[in-house]
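Chain lettering (A, B, C and D) follows the sequence in which the chains are written, and residue indices restart at 1 in each chain.
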């Protein structure tokens, strides 16, 4: 239990990724495909994201798949495709790093390093990204407590890197109607303790798109600093996680619905 | 899994408790102490609730406590105290019934029968309240799936009672910082399937008051039809659950913060 | 947490059901169908159980089913069928009671009252069986901690009934290959604290029969006082839980495999 | 779900670590401290283990601690101390590797590479140990399903390393009396599917020593191929996990109690 007297991993309240401030009055959106699949896919996606004003493009090149028989991502080639497409359209990039030996390759290319849920307690990786100068997006493990998430972040902070954004993405429970159970109390607790900005990954927590609008509103209402949402030119044909990815039209609709909540921060009384 | 072709427990979308419509454009608040403790306590609480415009007063007379050594409630005398105080101030009442043999006593007094989380699958009780003409507030068991909650509601509906309101109150997980993990996707799913109104019990799900404002906003933002919140004239001295009860001032502050969200229903695009 | 200084619900270490001692050197087996379906079914089962030396026959007449559309049991008629068949073959009976108003009917017929997992915290029912003179088999709720199980037992003990046997039957987790996760540490903890005898329900915890032999051995090895196993003349045609029920031949094989472990209690060093 | 028709990661049924066969008729014990703390500590432990016939010594040099403020292990120096002490007494060694860049250092020293629960889905590490010729002990993540464990093992097998032993060490649930919930059905399922040997880590699953004897018996009875047990010369002063470590006398008592179960494999009927 985190108790009042205990030293907390206090980092800065605002993290800068390029020109974007995460943790300030403006909510930050990160969108893109689960996995980079082709030049055509990322080009179309980057063009669309740019058009609707999403500043940061996500896309997995190295995929942490449960099964070795599943699509493992395009690797370094995939990362190059993602970054080229994003740059053509003036977007920043975030992508998951899985191996500490890939740090140099990633640092030269992406704007933000993502630590995936399965690697939240991969201490070698945490320390390595802590020694880089890159902003880090640290996802909560689906079996990890809020305190464990904060302690994992502290592994990064202790190496000298203060640019850490947390990400709530659902925890594993017995409820089967959603892929994981989105724990918005995690967001409220983190915002109350104020150590670091926190965003919500709607796609991985829900695993379905039909309740994404109300859950996006809930996430924003409880104070998160941004949203991560998977989008794909053709979700039905996606090589991974198509079921939880929005189409371009779906994302446009969602943006329209949540637009009033992106512009300002509502004050919560103390 | 609930599949499209399957028969769903479709009840009315609006449930009437006295003059209050649950499930309509106005959000419904139910507040009061965890347990009825004394005439003074319920009188002060009823007076305050009336003053701030809360229409339904809650209060436990028969308490479903984990330990037989804990305060078990004042029983029938407690229910009388609750109802008298509420009536003096023009409030409606909801209180938990635990024994099917108490139905007559409850029906003559309260306006809404509550089935607690531990009794969500107490079929004898579900059938008994299903045969009464009283509105029912059915709480989700803390280790029950959304589908199981809907099937429990169906036990009530099948006996002829269509006046059922569901209540999400958190599920049991490994996360210790909150008493339970509030599963707002349950609310979004129920509202999408539209069988019955659903409210959120913030006090039991969170077990703490310091994040109640942002979580109330999140619950309302994702479309719930109302909130249940515990309030006590002196939470520190409460005989049960004081830690999760707001003071009168705390409730007034919360109402002030969420007021803009109580007035209208925001449309979620399909 | 149960701490050393705390008052524990200490009951007798041996519970008598007819001529059978539960909690003594001999392990006790309780077998029979999930649900009583017909006179033929219980007659065949009773004859077989008698032949292989099982002393207590189980069978559900009132079924606590998740869905109101599922088979709900034959009710009072089912209980009569169970008891008649058992008596014809010299067997004792245990069956689940769900409604406190049925106590008289059950007490006149069965030898042991079962409280099902979904009713472990149905306090009206616990108190009612606590006022009867009948031995009680109290199943652990699939969402309940070991401490909550002991406190539920204490509700029975406090009414004056010391004849309580606990039953571990698996808890709800994220693991899908078994119906529930059998928590044998519960058995070891209960035996260490020594308040009450405890048996293991293999059928409901596993939900499958192919690993029943090794799990029966594990349960006996860690010190449980008996086993509950579902058996059906024709599991494929069972109206409920056929997938987890053994055939007569399957039970005979299992008994053969575990026979050496039923005869004596191995001492565990302190 | 693993279905009959699906390709399973079938490895050898026996894994050789030095002269020790894991998965054969003899059960294999691996004991030692949670963390290597000093030369004196590992020397005393190795001497004792050799005396009581334990063939494999465990000891953490690189510790995967939740908090960066906790003792992180002695690192490379610690591994050297462990290996020297073990060799002096003719013992084999197993120790956790956390960083793929440490593979060469580990391979030159230890006899078996351990992948810890937090790294079960660290794919870079799984692939790296898969490319080594060393036997691997793969621990189940505390919130991973049995199928996910088998798929993680498949990442190692696919790189050409068939020498993989699985380890059940408890899963995270809501039950607080044990550190994790030991899921012995995992052992029975793995033994039934027969892909790989599996042992049980009693210390991490239970987090307490008072029920270790009955749980060791249960683990052996359901067919596991060995046990991992933490032992420390002075558990009260251990720098990590002292609460779950046996003293030398405690281990000697346990060995005495389980001795009859280590000698032969009991046949389970099909």
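Here, a contact is a pair of C-beta atoms (placed from the backbone, for glycine too) under 8 Å apart; a residue touches a chain by one contact, two chains touch by 3 or more.
Just so it is clear, the structure is predicted and the values come from calculations on it, not from any experiment.
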{"item": "Mutual neighbours - chains that touch chain B and chain C alike", "value": "A, D"}
{"item": "Chain located farthest away, centre of chain D as origin (C-alpha)", "value": "B"}
{"item": "Intercentroid distance (Cα basis), chain C paired with chain A, Å", "value": "48"}
{"item": "Between chain B and chain A, distance of the C-alpha-averaged centres to the nearest whole Å", "value": "35"}
{"item": "Numbers and ranges of chain A residues touching at least 2 other chains", "value": "143, 172-174"}
{"item": "Residue ranges of chain C in contact with chain A within the complex", "value": "172-174"}
{"item": "Complex contact set, residues of chain A against chain B", "value": "1-2, 143, 145-147, 171, 173-178, 181-189, 191-192, 205-206, 210-211, 213-215, 217-223, 253-254, 256-257, 261, 266, 268-269"}
{"item": "Footprint of chain B on chain C - complex, ascending", "value": "7, 64-69, 98-101, 118-119, 121-125, 141-143, 148, 151, 154-155, 158, 172"}
